[in-house]
Structures are given as C-alpha cells and as structure tokens.
Amino acid sequence: MTTLRIDNLNVTFSTEAGPLHALKNVSFDVPENRIVGIVGESGCGKSTLINAILGLLADNGSVDGGSILFEGQDELTTLPPSRMRDLRGPRIATVFQDPMGALNPVISVGKQMLNIQYRSPLSKEEKLNRAVEMLELVRIPDARAALVRYPHQFSGGMKQRIAIAMALMMEPALLIADEPTTALDATLEVTTIELLKDLQQKIGCSVMFISHHLGVIAELCDDVVVMYAGEVVERGTVRQIFQDPRHPYTARLLECDPARQSERTRNLPTIPGEIPDLRARPTGCIFANRCDRVSDACSAPPPDKDIGGGHIARCFVADTPAETGVTA
Amino acid sequence: MAELWRPIRKILREPLGALGLFLVLFVIFGAVFADLLTSWDPTKINPRDRFQGPSTQHLMGTDQLGRDLFARVLHGGRIALFVALVSTAVSLVIGIVLGLIAGYGPRWLDNLMILLFDAMKSFPTVMLALALVTLMGPSLTAVMVVVVLVTVPGYARIIRTQTIALKTSEYVTAAQSMGASSARILRVHILPNVIGPLVILASMDIPVVIGIEAGMSFLGLGVRPPTPSWGSILNDGFTNIRDTAWIAIAGGVPIIITTLGFTFLGETLRDVFDPRLKGR
Amino acid sequence: MSSDPILKVEDVQVSFPVGGLGRKNAILGVAGVSFEVNRGETFALVGESGSGKTTLARAANGLQEISAGAITFEDQRIDTLDRKAMKPVRKRMSMMFQDPVGSLSPRMTVGDLVTEPFRIHGIEGRNLREEAARLLTLVGLPTSFASRFPHQLSGGQARRVGVARAIALDPALIIADEPTAGLDVSVQGEVLNLLNDLRERLGLAMVIITHNLHVVHHVADRTAVMYLGRFVEAGDTEEVFSAPQHPYTAALLSANPEPDPDKTHDRITLPAEVPSLLARPAGCEFHTRCPWAQSRCSMDAPERQVTNGRAVACHFPLEPGARPPEIVEKAAS
C-alpha cells in the first residue's frame, strides 16, 4: 500500500503582482515503509509541498487541482479541518529544522511526552514508561531522569532527538522531516540520520525527508524526488537518481556538490542563471533557461518520461543518460 | 508617483483606513483654508449677535461674545494640528536621539536613561501640566512642553529596544569591521531601520496630543483667550450650556472627528505596513 | 614556515566572563592559538559550532578583544590598537560575515553598500557610481543591480555584493566567515570560484572559516582544525585530508556523507557529546570522545608537535588509514 500518493498537485498563491504558481503538476508516491528524500534548492517548493500535505497553506494559497491521498482513503486536499487535526500528530508527524518549534520551553520533557499521548487508553504509569522507552530509543542518556528536565537543559543534538522521539511516539504512518539535521554539526548530523533510519525500521513508518544535503539523502533514503521551481523534474530510487540521473538539472546539481569531486579543483562546477519568476512561468520546460541540453523542443511542456523501474524524468531527452562530467 | 500611490491604495483598501484618511484630510483642509472658507474674524467680539443658532450667516452659530463659531472652529483646528504636528515632531527627534544613545551607548548610561524615562512616565499628565503651568503660565508653549515630556519616554524606549536588537546584527558588525564610527553606524545603519515603526506609532499618538491640547485649554491651562481652541470653545459651551447647546457641539464634534480620523488612519498604517506592532 | 606572513597570530586567548554576582568566572573561547597566513595564501579554520573559530576570526579582525597573546598584521601589532588607530588597518583587512543577506544593511541600495567603505574612510576624488559599477562587474553582477535592495537579491547575489564590498578598498587580507553558509549547492561553487579568482588576480590572502570540509578541500592551501578553542591539527590541506593524524580530524572527515548511495560508510562514530567549555576535560580535551583514547590521554595534555609544517596535538597520532578499535568501551556521559 502507498502511505501517501500525490497526484498532479497544483498550488497557487495569489500575490499583489498576480497569481504565483508554486507547485505545478507534482506527482510522487511515498510507499509504505520507505524513506523518500525530497531534494531541491531554495524556491523549489518544498515548504509549500509540506504545508499542502498538512493542510496548512497560508490564507492566500490554494490547491487548484490534483490530489493528496493518505493511506489510500483520506483525500487531504478536501478533508475538513477537524479531521485534518486528528491526523496531524498521531498519523502524520513532523520534525523541523529547529527542534524548539516542537518543544515547549516551559514544560518538562516528560510532561510534554505525556500530553502527546492524551488519547491513548494507557495508564499514566504505562505512558511514562512509553516515554522512557522512546527516549532510550533516541539514545538520550539516563532517560528516566531526563523526563523531569526542561528542553533548554539539553544540547542541540539531544533536543532534535527528543523532538524525533516525540514525533514517533504515537507510531505515525508518515513522518515528514524537514531539514531536521541542517542545524546540526557534521558529527551530530550523521548520528542523527543513522538514528532516524533505525527508528524508521523499528516503527515501520514511511518518511518524507526533505534536505538540500545530497550526501545525507544518498545515505538515508530509498527513493528520491528532485524538485525545481515547483515541479518534480525527476524521481526514482536513490541509485537511479544518483548513478543514472536523466534530467539535466539533477545531473548538474549532483555535479555541483563539492563532496563529489574527489580530486582537488580550484574551479568548482556551478549552474549559472536563476530560477525563473514563478509568477510568469515559461510555457515550456522550467529549466530551459539554465539547461546545457536545451533545444527548440523545450519551448513546449516536456513530458514525464518513464525510463523504467519507477524512474521518471520531466524532460524531452530523458531517454539518454545525462552527462555528469564526473566519474563518481 | 507610483511609489506614492501604492501605500495610499493599500490604505484605501481598508474601509476604516479610507474613512480615517478622509476625515483627516477633511480636518486639514478646514484648517489650511480657514481664511478662504469664512470671512469672519474668529476673535471679533460682536455682543449683539451672541448665542445665535446656526444660520446661513453664521454656519455654526455664535458664542457668548457673538464670535462666529465656524471661524473659531476652523482656526481652533489650526492650533490643534499645529500643536500636534510640532510637538510630535519635536518628541520624535528627542526620543530618537535619546533612544539611540541609550541603546548603543554603554550599559550604565542605558540604565540611567531608563530610570529617567520611567520616572518621567510615572508622572500623571494632569499633574505635570499643572506643575508646568504654575511655572510657565498658561500658553501654547506649555502645552507643547507637556506633550513632549509625556511622549518622549515612550518613543525613546521603542528606539532603544530596537537599537539594542540591531546592535549585534551582522550588518552592524560588518560596518564596525569596515571601520565606521559610532555616529555613522547610528545614522546610516541603525536609524533607517528603527524609524519606520516609530513614525507609525507616533501617528497613532496624534489624537492623544490633540486631546491633551483640548483638555488643557478646556482647563484654562492652554492657549490664552481670545485665541480659539477646540478645548476653550468646549469650555465656553460648557459654561453656557443652559443658553445654547451649539457652542459645546461646535467644540466637541471636531475633536471627535479628528481623533477618530487619526486613530483609524494610524491603525491602518500600522496594520498595513508593520503588522508586528499590533497590540501595542 | 614561509618568511612573509601577512597575519601572525601568536598564542591568542579570548575569554568570556560568565556567571553573575559573587562568583565571577571566565571561559576560554579561544585557548591559545598560533598561526600565520602568508601573502596570497588561503588558510582555512575548520571546526564545529562552539570550537571558537568565529571568535578567533573576529579577534584577528579586531572586533573581539583578546585576553592574551599577540596579533600582528603587516608587521604591526594590532591587538593593542584603539579604535581610531585600527581604522587605517581596516582598509587593508576586510571581513565577510556568515549571513549573505543579513550582513547587508537592509535599507541601503547595492550601490551604496559596495561603496560604503569609501565613505567610511572618507576617500575623495572618486566617482562612487563608477566605483560601484566597477566592483559589481568584478564580482560578476550586472551594474543595474546598484539600485536594488538586499531583500531583492538571492543568497548568491547577496554574497557577491558582500564580496564586492570586501574588496572595495583593495585589501591585502580577507577574512571570510562561512562564505558558503545559506547558499544552495549550485551557487556555492560560484562564490568559491569567485573568491579564488579574485585571490589570484588581486594577490589577496584569505582566511576562510567553515565547518564544511569539502569546501576547504578545494580552496585552502593550509587548514587548521579547531576543537574547544584550540588547534588539534594544522598543515597542508592536501596532507591533512589524505592522512589525518588527529582522531578528531579523522572523525570529522568521515562524518561527511558523500552523495553516493553505494559508498560504504566506514565511519568513525564519536561516542559522546561535545564537553562544555565550563568544564574542560583534563588531559587531552578530546579524550572523552576519542575512540582511540588510552589511559594516558585522560591525564596529561598532549603537546603540539610540529614536523614538516604539520602540527598535531595528540599522544598517539594516527597512521594513514587507521581505523578505530572495534569495541569502544566508554561511559556515554
């Protein structure tokens, strides 16, 4: 079964300077028990996507077309707000870049973890045990003692791990993790993603992991969705994307990661140009103005080409492998 | 031109803002063109015509000395707006300078100035006014000094708080690393970023200032007779309310209109340009 | 080392007072650091948050008072200078700050921003509009950008404006704090290439502060790794990368996930969290997290050993390709 199926989703914001098409024909699946990485740079529509899933689009934003189907039954784009509130938290959990967004600074960690379980039929004792169990899972030392402490008494890395423990406590079907390791140091970042992978397998949930850090995505995720200017330009398994990128944007983006260059170079690759103004989207390919494989055909909307094995790229020339220029 | 139109369009889109702008323009128009709108001298006594109701000759009637109330109201508007604009401007300048010094200067100076601001703020306005008038005698200057003393601490505190917040911002640190002097940092890098919200808040204080002027003139602590002021007109109306209600109405309605107008306009300005200030 | 250092940092300490009334205490943000930067060279300071790298950079730029040691720039002691005497030095040494947009005054136009150094130093006789155009061209921005405001710029464009401002007065040294922070991957390279290019064309020396080791690898001639306010290792970038001698350097290098799903992650996991600066561990300060730590490490602090321009502070420097002992028995405290 598919935990989350996004089909042809379109989101528009009305702005003073006219409508802004923030998401255009976005389609991808988050299959059960898999970690799907969403990659993209600023302005690619990651935040809009998350807000659309959570039913938290700003007042001037609206879904105008497409569907978001959760666990095969709930159509999130038309779900009444009260029902949506029931899903957020217990069924669809979130972890954000700043753990303090999830932690209340004036309530002890134990109390907050009890509050999350307010619906559970367990006794208070059992709920506390559950909280300790979760804190142990995220490797908080001396978990029982940690219950009476307040968020500020933990280091940044521990705070993020507590936030993860709280998000996963009700065993949600889907965890949306939005750049959860970006604010952490490198050594903490890797322990946090290893932990996340562990937990995901133990709990058996699906994860939508949003990050701009390609290395983290490559290590953690099963599937990858590449977004650019509000469109999914390519999706597939992590190997398909990283080893056989078909969309020129994906190829160029991978090339840009300095970690990819094992040889020392003084001239790092870049993608010249800027993301087009989303209020005046080009009719054709959104990447055409920065693409090195552009042709006349690109002034028409490119098709979602199926390369096989679930690997899809929105590009006319997706049949041939993109030149990466680098032998990985 | 387009630069100027955009904010105005934004204000007009809010019904209360449009009403506020209209009322304020209406009052300003009356004050500016007072001499064109009426040929009556607001101070000319004409005992034969006292206590007249509104007529085509005297649009708002006359007071107990037979002076034309319409002329007095228009000229009173001049006084009210003059006091409001001048004293608010003076308060802004003083408040900004003190706030910048407190916020950017050494810690002890900041503590001292905060103590001073709080002490000034703790004085009740009426007591302050009485004390000052005892010292200076009733006059327009006294009114303005009271207004400045009452409003400066608030302005200075706002500027101080924001200055402290910006003091450690990266662009200020960057200016320091380029070798900019404190004066230049305050003038070029801090002031332009703290002044906006203050001007909006000050515009919301204008009705308060007009209230103070009217109130002091009503109590005889403000402008000296025969100079017309809405407050003194109101007082005339109050003493003669048994003879005619027109005087009190003529003095009171402009105060209400002006206060409402500036309040609506100020609140709309705030909501449109700096929603963070809501609830202040 | 080389004979012509432009910046010389000797045994510098920076302390911060902590605690309120009664118990006055101080923590050492930078605890005795020495290094030299030669003309035309790029020197990288690498470390994680709290390692003191930014504090050290600010000290070198005179924005942070030092409590011990000496800083010499172009043969002049600068840590003892007052603000006025420091002003001419600031023409020769400029600093770039972390936040590309946040380090630009929000109500100034790009044109005013890049020419601000001329106004600050009262440099007359130049057409500032032409200067702005020249500088913007130099960093690869269209001259029409002069009338834009910072919030109208993308991260990469704002960073270029920051670079233009930093080179406005032809400095001899640029200190860049996290020059790629907040930038997209596709833009990072642009900025680093630009810095490299300017360094070559203008003969600049550069100090780059970063946590991103991959960035360092491509731009820095020499690299120093900081931990709790000290250098644990310093040397030629290529050598430090190919054969780290300090366990912390090795752990940092291995902690960088690489964008290749099939890469086996032969990772050195650090068992504990970074200790607080208020309670520095005795002996080697890294021993609480070091997979290789032995009993000696918790007792005496290792001296800095310098061989062939390579400095390392460790009792048991690693052999190339060393792997941590299989079972690490450590109290996770």
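Letters A, B and C name the chains as they come in the text, with residue numbers starting at 1 for each one.
The working rule: a residue touches a chain if its C-beta (ideal position, glycine included) is under 8 Å from a C-beta of that chain, and two chains touch if they have at least 3 such contacts.
None of the values given here were measured: they were computed from a predicted structure.
Taken pairwise by the contact criterion, the protein chains link up end to end in a single open path, with no chain closing the loop. Put simply, the chain farthest from chain C by mean CA position is B.
Centroid to centroid, with C-alpha atoms defining each point, chain B and chain C lie 52 Å apart. Centre-to-centre, using mean CA coordinates, chain A is 31 Å away from chain C. The part of chain C that touches chain B in the complex is made up of residues 61-63, 86-87, 90-91, 94-95, 97-99, 102-108, 116-117, 120-121, 165.
Note for the complex: chain B touches chain C at residues 169-171, 173-181, 184, 188-189, 192-193. Of all residues in chain A, those touching chain C in their complex are 41-42, 139, 141, 155-158, 185-187, 189-191, 193, 212-219, 238-239, 242-243, 252-254, 256-261, 264-272, 274, 328. Against chain A, in their complex, chain C makes its touches with residues 48-49, 154-155, 184-190, 192-193, 196, 211-215, 217-219, 237-238, 251-252, 255-263, 265, 267, 269-270, 273-274, 332-333.
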